[in-house]
């Protein structure tokens, strides 16, 4: 309806392969970025920044990481949280042990450490497939968390492996206010999202999807399975690692290994499924959905209980949450396997064809 | 030496418990090719149901029956509303669906049956058998022994069922070839429903045994995580695999728990308990690299 | 001024643009998934190479160059290349079968032909030995031609390479040749599809088309920023005026679609600012719109209806800048945002400043629809012999039943017979090699006899009623204007073609050709089962519905002072679609009444004999060129006639 | 673009006494034949004759227990399909093996992955090297699209396409790799007459325009006899005929093999 595509023709493959080929979309994106980068820091309350927007961005990034592996390369992983943990702890140690290292570097190194471990745990994927692999990734989940808890070195001998993140500062500017942290996260996440988008629309992304859709055919075409899968593991873990570092440094401030539990891994998986496997946008939608749902329930349920005049104890609320999560997963897998991203895409198509139905 | 044997035996006994949960996985996987992550949640629900019905004032035996019926209903609903709607989807999708299912059950059961920790009393105390103790000085928990007995009984029962009943034949047929199963005149839906019912029953037994050991609590749901390495080891499709795998995992993790931490402590200092949390996985993983199809699973070549 | 004009030729216009706007796109062609751009300087370079190449192959001043193919930049360039050597391009209808080309190729004594692809090459090879003069064939797209070994076959690329070599040896050749060109030289020979007899070559001078182009461009303020979609046959005068003459005059960009199938999609991408389409295309677009909207949800449909109702009310007035109430303007703005603009966008008409239609009369509802949703659709009038440039509708004074006022530089007057006579810049030089025919149609005072019968209304707007020769007398001696009636019939969406007979007879009979898509859709919605065209055409329901249309026309005719007596007595629905390949329509889809009367004589006789059905077998040419025949028993039905008011 | 008229007949591929078995079941027994430059070499035979296995051996999906393969003169060591692809062997599959989740364009682009060198980092940065390479290959791919006349479906997901078109896209994907040896596994299976005609035309044009050597498995005898230069006949994993189409047609053993099975 708002689209005016007539006259938007492509005279080069460059312009044809843009991320947003349609002018109206580009405009929309610019507006969105403007709001996120200028509007939000100015007007959003501390609660919104700390409790909603920052975690939203961080989990979007983690989901993006998992999406590379599961959505694009088709390798299911249940250990995402573990790689976040590695990112967080590695960054912590680089900050701690290398004098005056700028934090972007230690973030990067943190991510790389996660990538390295990711590759280690990805090795089995060369011989095993499907849920054999999924189960294998659980090994990472448990082993990593255990190591971080048990080896005092990682947490600089703090009790039960708790680490408290150093304050970040760069060129004399310290990121201590919510707004500044938010902006930092925003920059990193959107930057990585862009790189990710480029990745998946390039030959790399195509080989991933080829392996996902039909690995035999992919190999016959000349795609080396091993290299492709391991790369997916590496990049996926790298993104999770960075997300973990941000989680520790810009969100919680102090974390313990058990914080990166299997539940968290599942949460991230759910974000991918509900948001949309094989989509960049989906991760953001999924993260927003999964994070906002509990908040919504906390508000809605008491309200409902008032109407129905039946008291709902807090334990039940949390249980209802579990049920809702569970049924949503099933619902999406059945009704819209490509998640919110697809729904968004469909409605967009409708707008483009307006007033025609198809 | 004596100590070692004791560890091994307790390993075997607890391993059998893993096998029991793994059994539930195998049954469903054989019949419908679904790796049912919710098996653990089913164990939890079953146990909760029992104690729940007892709280509602039913006698033990009736509560168990009621719980069984509950599990059957859960099974049928799962087939009807979840897997039935996902036919011809890649197995990985079905797997993720069962993750969703397990969340659902973990949420539902406590609401129905209360979520405070409660014991289950099977009338057997969890203490070493005196005679054996005196004879060999090795402590073997009565409860564990009893449980093992039950489990072995259950396995035999299932074996008989599979061998000699029409349903059983149908189930085995389904495992290899759906068409063949149809030719036996039993619609797939029903077969799967039956399988889920059986899996529910197995879960119930597991729930009772684990529950009687350390009370009915959410931890039961995590037994699934114990069973997964067992499956990898034994293969997803093999009942004996599940038993043997369970025993191997049980024993190995007990040994690891005893013998590895001291080594690490000498090296790094600090406390290195809780190894059994991950050891089975690493163990299974390493094993996988050597033998991807598991102990008893069959190899297959992908055709082009 | 005159001096300048007198020496101005198309090649010189090319030079002008290549200097003035070298970087602006002259052509865009959808190829390999993107719009490949040819800038004006590139254009000059290509043409120079091509011309030199042609010269080196022996193409000389005074020769004619046949051009056969879909609208492709290379083929337009070939025209200028030929002209710059003092030769004359002769575009042919690319969808004509080989046999149909023989006459034209011989009549124009063609020795050089530039064609698009293998398909056209094969056609020429098929008939080559019947065209003694044909010595060289040049093709653009080498696909499938690799193992063609004939020595007289060259690809455009090869020719351009020859050209590069040649122009190195003769650096001044191209420019000197080009400078020799005079405004009074022939610039093109367009063959009239000719409703009767063999096609005649209409020879135009540079000056004819340049002036027509200049005047019409000024008339609509066209400039080099405009975009046009070139998708109609290059052999058709309209395309030559719009996509060639006006483009060369103003420097606007000509956009060539990827393939026939993708024209609509490509139009949506390009969003032309200047557009021509014959009425039938506007009609089929509208049909698509209505069909697609029928599947829309209740809300959308309601909104759409409201919007349409409102646009009928004020749309065209707003477009014509007539006074309209504030509230109505507000509503229009709202609907424009929600319906009109998206609709224009979906049709690829968002950017259209001027759109023209001509060739056939356009239905008033159809015409109003486009204007009222904000597409500035206008009509013009002209023939091949007048560069399609005689009358134009000025912005702001558009009447659906007229073709506008005499265009700048054109003088029109009506003969006593009512025939429209034209004099002015765009009147052709002559019929090629046919002084006799030329003399027949251009009289001593330089007036061209259009052969159309028309009426001039009080503000000097011309209204065409029919072909002059078709305006016959009925048995009772009263006026008979078949085309006028046929058009009224064709304004109904369900009627694709209509052929009216009655010259010298006491009553008027009609053949109807249903619009298969529209009626098939209509039938499906009413759950009327049918098996293919023939079956559908003979359905009682269809006859009933067509009958109603015809009755409406009769009522309408009854009101006409001149033609109230000429009402339709009986009609039948033809069992096959009238088709150019079967000679029933011209390539521009004009009905060839005489030919049809002969071909379907049994039916016509049956109509007059008052039978209620008639068996007939007819020869047809299938798409793959095979001949065959189809037969059917055609039902015949009476029409209700209305009392004469006049 | 070597045209058929000027073709040199040296051997591209030579198979010697190939034997292949799965767990004791013999798929191929002691088969030898060769493929010459620029020719269309057909492998025919009843169902289960081992035709597909033959292709799988040629491009390294299966590894024969016995026998040796010479590719462009040199003896080939055991290699995996990916390596074979990089040596210029492309193929299509009996039951379509397109990447269902991707568009036609992406499928065909994937066919060029062997030609695309830029690493994942420059891919992520995109501007510069990666993008230039992307464009270069897009150009090539578009030429294939134009050649196979599938412009109108360029951006449709392959899953949505009718069977016949999917087959064509698969051919496009194979061609995009600019192979020197093209293996086609029943490219016309389950097609209607027009689709078959088109496919035939394309196979011939590929062979003529690009001079690609083609090994073809096809059931439709008419087609095979029309377009192939030489034919190998397999039955129960054994070679029972080899030679020019006409010779093969009249070979009694072949005839009996075909009468023996319902075709």
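Lettered A, B, C and D in written order, each chain numbered from 1.
Convention: contacts are C-beta pairs under 8 Å (C-beta built on N, C-alpha and C of every residue); 3 or more make two chains touch, one makes a residue touch a chain.
Every value quoted in this text rests on a predicted model; they were computed, and no experiment measured them.
Between C-D and A-B, more C-beta contact pairs join the chains of A-B.
Taking each chain's centre as the mean of its C-alpha atoms, the one that lies farthest from the centre of chain C is B. Rounded to whole angstrom units, the spacing between the C-alpha centres of chain B and chain C is 78. Distance between chain centres (mean CA atoms), chain B to chain D: 48 Å. Each chain gets a centre from the mean of its Cα atoms; for chain A and chain B, those two points are 33 Å apart. Shown for chain B are the residues in touch with two or more other chains, namely 304.
Shared interface positions of chain D, i.e. residues touching 2 or more other chains, are given as 61, 93, 97, 138-139. Across the assembly, chain A contributes 12-13, 16, 216, 220 as residues in contact with two or more other chains. Of all residues in chain A, only 12-14, 16-17, 195-196, 198-199, 202-207, 209-210, 212-214, 216-225, 231, 235, 278 touch chain D in the complex they form. By the touch criterion given at the top, residues 31-34, 143-144, 146-147, 258-259, 261-262 of chain C touch chain D in their complex. Of all residues in chain D, those touching chain A in their complex are 59, 61, 80-82, 84-86, 90-91, 93, 97-102, 106, 109-111, 113-114, 116, 118, 120, 123-126, 130-131, 133-135, 138-139, 173, 177. By the touch rule above, chain A contacts chain C in their complex via residues 1, 3-13, 16, 353-358. For chain D in complex with chain C, the touching residues are 1, 3-5, 138-139, 142-143, 145-147, 151-152, 154, 205, 208-209.
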